[in-house]
C-alpha cells in the first residue's frame, strides 16, 4: 500500500464525514439535528471536492469557486430550514428559552 | 501527508461526531461550530485562502449565528428516539442494539466502499496540468477565483445568487409581517460597541468587495460582512442606526435583476449568455459585484430575521 | 460630394435596417414588459393598467404597420438570433406569413383589450387577468415571428401556460373543470409536438423555417420517408389539438365558459390560430408543399380538415347556447385554413392563408356581440335573442355582419375566402372539396340565419322591451371588427390587403 | 364614371341611411327622414345613363380593380332597357314611400328610412346584376339584391311577414349557394368575364352540373314553378311599393341570369327541360291564382305566370343558340313591359282604396285599367307588342311553345278579372288623399309602361312589331274575350260550387311541413350524433381520469409507507449499503 498523500487523506475524511452526516440525517427525528446533519454532510462533500482540487501543484480555481458556491448554498438552505423549523415549532415553543438570560 | 494533516483530519472526524451524536440541540450546534472552525484551517491547509475566508464568514459566522438562535429558541428535542424507558426490561437489549448498531454498520460499509473507490480513482486521474490563467484570457479581472466565478462559472453564480434570493423570498413569504419591530436592547455596552464598529465593518465590507477584483474576497464575503453588521445592529437594538428592514426586498431584487440584465447584455451584442465584450469587463463585473453584494447581504439578513424569535421583539 | 452624400444615405439606410432588424425582439418584449408592469399593479389602479395595456397594443399595431412595406414590398427579412442552447438558437424572423399573423393578432389584441377593459369593469383579479392576457400576446407574437422550430415550440408552450389562468379566470367549479380539460388537451398536444420536434431535430438538425421547406427535412424525407411521415403525423397531431381538428377539438366548446374577451382570444387571436398557423408553417415552411405531397400526407390532412368542417357545422346546428354554437362554428371554420393549404394549389393556399385573418375578424365580431348580449341583458341562449335587434341595434347589426361573413355571403371577408378556396379546389385534383364548401355554407346559414332572423324579427307579438344602452367600451370593438369584415371583403384586391399578402405568401410557398 | 355612380350612389346612400339609425334619438329621425326624402334622386344616374352613354360598349365600361376581387361594369344593349326599368321602378317606389304627405299609422313596421335604405340597396344590387361585366360582380350584386330584398319583405314585422321572410331567406340562401357553386365552376373553367362565361359553361368538365345549379339558383329568383314559393308569400307581406320592385325588377334579374349564361353550344336537354317546366309552371300559377282572394296574391301569381312564359321563351336560346340575339331582344322587351305594368298595378292597389277627388279616383281607375289591358295583351298596348315579339322570336324553332303562348294571355286575362273581383273586398276605403308623391310616381310608371316598350321594340332591329292586320289584332282580342265569357260562367256557377281554397303560396304549405319533418329527422340524427360524440368524449375523458386517479392512489400508497422519516431513512440506508456491497463485490471480482 502506498503512503497516503494529503489530498487522499482529506478525501477519505471527507467521505467518512459525509456518509456519517447522511446516516445521521435519515435516522434522526429532531428537526434541528437533521439540519445539522445536513450541514455536516455538506461539509464532507465539500472537503472531498477540495481534495480533488488540490491534487496538483496549485489548487484548481474552478473547483475552489465551486466550493464557495457550495458554502453559499449551504447557508441559504440552512437559513431557510431554520426559518421553517421555527415556524413549524411555533415561536413560543421553546422550553429551554426560560433557562437562558 | 504530515502530522498536521493527520491531526486536522482526526479533528474533523471528532468534531463531526460532536455535531452529530448529541441529543441536546445546543450541544450539537456547538459541535458543528467547532467543526466549522476546524474546517477553515483545513481549507487553509489545502491551499485555498478564498474558501477559508468564505468558510470563516459564512460557515463560522453566519451559519452559527442562525443555528445558535434556532437551537436556543426551539423546544426540547423529542420524538421516538428517546422514549422514556421506565420498565428498563433487560430482554429488550437486542432491538435497542440493532437500533443503534444498524446505522453504524451501514456507515461503515458505505464509507469503506467509497473510500476504496476513491483511492483507486484518484490514482487513475491525471493531476491538474493546464493552468487556468492561460485559458482565462482577458476577462478584465485579475484574480482567478473571482474571474472564474463571474466569467467561466457565470451560470453557476447566477443560479447561486438566485438560490440565495429565493431563500430570502421564501423567508419573506413564510414570516410576512412578523419581521417588523426591533429587538430589546440587551445593554448599552452592546449597542455602543455596535455603533462604534459599524463604520469599520462597512469599510471592511466595501474593501472586500473591491478587493475581489484584485485579490481574494468579492461579493459573497462582502455580503456576509454587511449582513453580519446588520445582524449586530438588530441584536443590539441600536436605535440610532437606520432601520433597513423595509429595504430588504428591494436589495434582494436588485442583485438578481442587475445580474440578469448583465447576462442579457451578451446576446444583445451578438455573443453568448453572460459573455461580454472584453473591453466592458471591468465596469460590468464591478456593477454586478456591487449589486450581488447588496442582494446577498439582504438575503442573509432576512434569514437571520426569520430565525430570530418573535418574542424577542419589542412591539 | 456625391459620394459623401451616398455614404451618408448608405449609413442612414444601414441604421434604419439595424433598427428594423431589432423590431421583432422589441415587439415580443413590448407585451412582456406590459405583463411585468401589470402583474404587480394594485387592483384599483384601473387608469394606469388601461393606459399600459392600450399603449402597448397601439405601439404594436404601429410597429406591424411600419414593417409591412419593407417586408412585403422590399423583401427585407428582419432577424434577431440569440443562443438558447449550444447549437440551438432562438431565432425571431419576420417574413410575410409571420407579419400576416402578427398583424392580425396586434390589431385584434388592441380591440380585445379595449373590450376586456370594459367587460371586466368592476370585477376582481383584473391585474392577474391582464397580466396573463399580455403574456398570451407575447407568446402569440413570438409564435408568429419564430424563425425555427425550437423557437416556435418555446412560445407555443408559453401560450398554453399563459392561457390556462385566463380560461380558469372565473374560478367557478365549471371554469376550473374546463380549464383542466383545456390543459390536459393542450399539454398532451404540446408533448406530442415536442416529441416530433425533438425527433426531427435529432435527425435533421435544427430546422429553420424556409419558404418552400427546409432542405435538411427534404433530405430526410428522401432518405427515410416513413420516419418523415411519422414525424409529420406527430407534428400535425400535436398542433391539431390547438387547431381543434376533429377528434382533438373537445376542449374548445368547453372553454367557452371563460369570459367573452378570453373566448375572443382563444377563437380568433391566439390559441386556435396558433394551432393552424403552426400547421401552415409545418406544411409550407418545414416540409415544403412538394415534399409533403411526395410523402402523401396532404390528402389525409385534407380529408381530416373536410371532416372537421362538416362535423363542426353539424354539431353547431344543435347548440342552444350561443357561445357554444359559436365555438363549434370555430371548429368548422378554422379547418378552412387547413383545407386550403393541403389542396396543393396556389389559389387554394392563398385562400387558406387569407382565411387565417378573415376567420379571426369575423369570429371575434361574433364573440364580442355574444359577450355584449350576455353582459347587457344576460342573454346566453339562442332563443333568448328574440327581438334584440330593436333593443341593441348596433350590436345586432354587428352580429349580422359577422354571421353573413361566416356564411360566406358577399361582400364580406368570408366570401373572399370561400371564393378563393372554391377556385382553388376546382383547379386542384380535389374538386370534391367544392361540395364540402357548399355543404358547409348551407349548414352555416342553417345555424346562423335563425339567430339573425330572431334578432330582427320577433315572431310573437310580445313587446321587445325598451332599447338598452350598450357600453361603449364593448360596442366600439364589435362595430370596428364588423366594419373590418365588410371592408376587408370590399377592398380585397387593394395593395397590402390581406388577400394580396396571402397571394404573395402562396407564391413563396410554390416557389 | 356615371356607370359606377349608378350602382355606387344607391348603395352608399342606403348604407348611410342604415348607419344613420345609429345616431342618438333626436337627430336620428330628422337626419334619416331628410335623407330618405332625397332617396328617389339616387336613381337619377341610372335614368340618365342609358341616354347619355350612347357609344359602344368600350365607352360605357368601367373597371374598379381594387374593389372585391376586381369589379367591372358594362352597359350593353341587353342591360340598357333593364337599367331604365329598374331605375324607374325603384324611383317610383322610393317616391311612394318617402313623399307621402304624412307617415302612416304607427305600427310594428320598420321606420320609413329603413325601408328606403333597403330599397336603395336593392336598387344598387339590381343595377349591379344588370351592369356586371364579370362573374364576381354579377354574383356579389345578385347577393346584395337578394338579401336587401329580405329587408323589404320583413318590413311589417307581423307574423305573415316573418313567415314570408323566412321562406324567402331559405330559398335565397339555397339560390345563392347553388349560384356560387355554379359561378365557381364557370370561373374555374375560364369564364371570369361574363362575355366568356357561356363558352366556359360548355367547356367545363361539369357542364350538366353547372346548368342544373344555374337553373336552380336563377329559377328561384325568377320565380319559376316549383321554385316560386317565396313570391306569393312575399308580395302580400311587403308594402305595395316594395312588391312593385320585387315583381318588376328582382325577378327580371333572375331572368337576365338565364340570358347571360345561355351557352353557345346547343343544350337541347337542359333547354327543353327548362322550357317545359317554366311553361307548365306558368299555367299552373294561373290555376292557383284565380282561386286567391287577396289582390296582391293574385298579382303575385300573375307574375309567376308571366315569368314562366318569359323563361320558357328564354329557354329557346338554350335549345337553339343561333336564335339567341332575337330571343334575348324579345325577352328584354317583354321583361320591361311586364315590370312596368306589374309595377303600376301594385302601386295602384293602395291608390284604389284611397280617397281623393273624383278626378283623381277616375284617373287611377283608368290607369289601372290600361295596365290591366296591357298585361292581357290587348291591341295597341305594350303587352300586345311584347307578346307579338316573343311569338315571332320562337315561331321558327319552338312551334309547340308558340302554340302555348296565347294561353298565357288568356291566363293573364282571367287573373285580371279575378283581380277586379277581389279588389273591392280588399279593404275599407279610407278617405285620405293619396298625396301627390305616390300619385305622380304611379302616373310615371303607367305612362312609362305604355310607352317605353313600344319605343324599345321600334328601335331594336331584332324585335319585330305587330302590324295592324286582322290576325294580330285578333290575337290580342280573343283572350280577354274568352276570359270574359269564362268569368261570367264562373260567377254564375260559383254560387253553386265553392271553389277549392288554395292557400297563398300553394306548395309552400306542404314544403314547410316536409321541411319541418326533415328538420325533425335531422334534429334527431344530430342529437344522436351529438350524444354519441359527447359520450365517447366523456368515456375517453373518464378513462383518463380513472387512470390518473389509479396512478395517484398507487403512488400515494407507496408514499405513505415511506412517509415516516425514520422508516424511509432505514430503507435508504439499507439500499445504500446493499449497493455499496455490490460495488465492492463487483470491483473485487474485477481485480482491485
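All chains are identified by letter, namely A, B, C and D, in their written order; residue positions are counted from 1 within each chain.
The rule is simple: a residue touches a chain if its C-beta (ideal position, glycine included) is under 8 Å from a C-beta of that chain, and two chains touch if they have at least 3 such contacts.
Note that the structure is predicted; figures quoted are calculated from it, not measured.
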Min distance from chain CA centroid to global CA centroid: chain C
Between A-D and C-D, more C-beta pairs in contact link C-D
Distance in whole angstrom between the CA centres of chain A and chain D is 89
Taking each chain's centre as the mean of its CA atoms, chain C sits from chain D at a distance in Å of 35
Taking each chain's mean CA coordinate, chain B and chain C are separated, in whole Å, by 51
Cα centre of chain A to Cα centre of chain C, whole Å, reads 55
Shared-interface residues of chain B (touching two or more other chains) are 80, 103, 106, 110, 114
Among chain A residues, those touching two or more other chains are 22-23, 27, 29
In the complex, chain D touches chain B at residues 566, 570, 573-574, 576-577, 580-581, 583-584, 587, 592
In the complex, chain B touches chain D at residues 80, 102-103, 105-106, 109-110, 112-114, 116-117, 120
Per the touch rule above, chain D residues touching chain C in the complex are 18, 21-22, 65-70, 108, 136, 139-140, 143-144, 147, 154, 157, 159, 161-162, 165-166, 169-170, 173-174, 176-177, 180-181, 184-185, 187-188, 522-523, 526-527, 529-530, 533, 537, 541, 544
Listed in rising order, the residues of chain D that touch chain A in the complex are 565-566, 568-570, 572-573, 576
Chain C contacts chain D in the complex at 181, 184, 247, 250, 314-315, 317-318, 393-394, 397, 404, 407-411, 415-416, 418-419, 422-423, 426-427, 434, 438, 441-442, 445, 449, 453, 456-459, 461, 489-494, 499
